[in-house]
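Below are two complexes that have subunit A in common, paired first with subunit B and then with subunit C.
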Partner chain A sequence: MLILECPFCGIMADETELAPGGEAHVRRVGPEGSDEAFEAYLFMRRNPCGVHFELWRHAHGCGRWFIAARNTLTLEVYGTYPAQTDRPPAAIVRAIRRRVPGWEWQP
Partner chain B sequence: MSEREAARLRLRRGPGLGMIALRCAPHVPGLGEALGGALGGMRGAALPERGRIVSANGGAVAWMSPDEWLLLCPRERTAGLLERLSRELAGEHHLLADVSDARAVFTLSGPGWREALARLGPADVSPAGFGAGMFRRSRLGQVAAAFWISGPDELRLFCRSSVAGYMEALLEGAARGEGPGIFDAPGA
Partner chain C sequence: MGPAEEGRQKAGGNVANFRSSAASSLGKRGAALHVSSVIVILSGAARVSRPPCRSVVEAMKRYSALAIAREAARYHRGWERAWASPEPKGDYEIVIVGAGGHGLATAYYLGRNFGITDVAVLEKGWLGGGNTGRNTTIIRSNYLQDPSAAIYEKARALYETMSRDLNFNVMFSPRGVMMLAQTEHERRGYLRTVHANALQGVKTEFITPERVKELVPIIRIEGPRYPVLGALWQPRGGTARHDAVAWGYARACSAMGMHIIQNCEVTGIVSEGGRVSGVETVRGRIGCRKLAIVVAGHSGRLAEMAGFRLPIESVALQALVSEPVRPVLDVVVMANTVHGYISQSDKGELVIGGGTDGFNNYTQRGSFHHVEETVRALVETFPIISRLRMMRQWGGIVDMTGDRSPIISKTPLEGCFINCGWGTGGFKAIPGSGWAMAELVARGTPGPLAAPFGLERFREGRFIDESVAAGVAH
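Now for the complex of A and B:
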């Protein structure tokens, strides 16, 4: 059972209060992209064993989307932040590096 | 429901509250004053902090999300307050709507309400985690609900009116039995 802090409410929200939104920081491929790139944007997801970024919506609370940085192997949660960003904030990256030395953000 | 159970928790549908939804940016000038004035007799601003509810004169303003507030008032005052608020916020980007019929209100009275809520959802309803002045939106059973403490040993709760029947049955079930009394411990 996951417990994530909603960055808007400040509430430690239980997983059952939230609605999952899949992988975060997926960059849209525009009209000029190739068919392969568009297919990858639509269907290909990382599914890593380790550090992962996920979209969640506080569906039974404030209704806002946020992103959770967590580890799919250890279930450790590094932090949450509002979804209106295209990369993890520096504080989250630092929190991840403290636990996973040498980790690099790959867009 | 036995007499002993009823002494621990009484469930009542209502009161039918007037509700006005307000959505706008929190930094809109005069927002707090407009809400404070709408509640009536409040000096200065009534803009609840996040996760909280401000009550005065039989009305209240609840924090719903970073850009949404819910004004609760007696039903007969809804139309007047709606007009007054839209006058005061005229010129600012906002949305005001009378949503009184969208939600059903329940009142739980008696010392057993914390335990009843704890049975139904993931919210922390211990005295340390949930006190007077707080407004919690969460899940009860399978539906969304919001609740706040409206008086000594009294909780008010609302959900969508489409699921009011479900909520009533759910609360009746949770009110049954005496339970372990985990929130009755001295000092709790």
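Now for the complex of A and C:
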């Protein structure tokens, strides 16, 4: 059972309280985008075996979106932060590097 | 297949399955044509009339009633290993990554349909130890879209004769698959599917709640939350022994001289000038002219090694089995609204499948609340199971695509092909998938079964949308 802390209301929310929203930090492609870019935006996913950033909504709580930094291989949670963030905060990156030495954020 | 033979298969199939197919390969072929004539036309009759690779028939020590009697007389000391475990050669014409059902079926049809036997199947764990050994073994072909119906019906038809084709009892049991309509929306959806199936030549019908109760006496059709409004019924759907499918293919491949190499994880893909030339493995580099990636939940990792991305997300799907009980259920029942699928195994265990998790996962462990939801819904539908103890529960990593249809395709890397995206329902497709993938790998261009399932469909917006018809339930 996944338990994530909602960064807005501070509650340790059980998975049943949350709604998953898929990969985070996916850049929306505008009207000027190529077919390839649009395809990548809509369908192509990193689907990493390891460090992963994922959107969640505190559906049965405050209702707001946040991002969870998790590991898909160990099910560790490194931390959560508001969805209105365009890259993982420094504290999250440090938490990840403590467990996965040398890990680099790739936009 | 005549009614008498059908009866035998339903009763366990051992007698029919152990009959020698060496002497009657022509007769067997006739039977295959008879049961699947519609699909044979769809997928090209020429392929079916081609003789099997002779070595399949000759090199394998055949299983038969006579062999059992002979071995019984000498305390069963004469049985041989079903497949060899050779050391890898330096290179092969074709390397297949993944010795699950789909990978082994690909290898088998490369040999049988195209006479290519310089093939290695690499497996990081043990043979059939991934999703092939973890599913709920449901076989059906009642899909909405034409490309899906064609490939799943091809697979179902191949399952009908698989035990004889492989000389290995895969215990195919066409006991009938029933998909319950428990909302008005679902009822209309299934009526549409029945009409589509009629046009596709897939035999299905929409049955009334009374008929559902007749076929499944333990069901409660009146609700309370989700009354049964009818069901989509495929009488020739059913189940098979999942491990036996992998073992049967492995044995046939090994007999053709192919190498099945277990405990051989692929750690890198080697290419020269945009063309694949081999793979790095934990047992050294293995060269190949063509590479087929057939690794389900780990497709994304292999694609990363090959330098491209896939429209795939890996999530956990769970199943569980109860303690064995006396026969209570002789069809497969799928309740898609509440994500519960149930059938009874030959040992008497109730085999139960649930829904997928909503988040990416590579751990083969799912969330408990999905099991809870599934069991809650099934107890409501089948009140007599409420006191059953559950014996085992497990998870597998399934590869979900955006349109819930598979990918059988060339890739941006020349000579590298991929077969993935079967998501929650790959087991039923194993023979059809292998058939289509073998054709793609052997010829370099997809045949009629594989053509609609190319990777480019996502860019082109040409989806094979099975989300409505199949949902998570496969």
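Throughout what follows, the second predicted complex is superposed on the first by the 107 of 107 C-alpha atoms of A that agree within 3 Å, B and C clash if a C-alpha of one lies under 4 Å from a C-alpha of the other, contacts with A are read in each partner's own complex, and residues count from 1 in each chain.
In this section, contacts are C-beta pairs under 8 Å (C-beta built on N, C-alpha and C of every residue); 3 or more make two chains touch, one makes a residue touch a chain.
Just so it is clear, the model here is predicted, and its values are computed rather than measured.
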item	value
First, second, both or neither for A:G33, with subunit B first and subunit C second	neither
First, second, both or neither for A:I11, with subunit B first and subunit C second	first
Subunit B or subunit C, by number of subunit A residues touched	C
First (subunit B), second (subunit C), both or neither touched by A:G61	first
Shared subunit A surface residues [contacts with subunit B and with subunit C]	16
Complex contacts: residues of subunit C adjacent to subunit A	298, 300-301, 309-314, 358-363, 365, 367-369, 401-402, 458-459
Subunit C-facing residues of subunit A, complex	1-2, 15-16, 19-20, 22-23, 35-36, 39-40, 42-49, 52, 54, 70, 72-75
Residues of subunit B defined as touching subunit A within the complex	50-51, 64-66, 68, 122, 124, 136-139, 144
Subunit A - residues contacting subunit B, complex	8-14, 16-17, 59-64
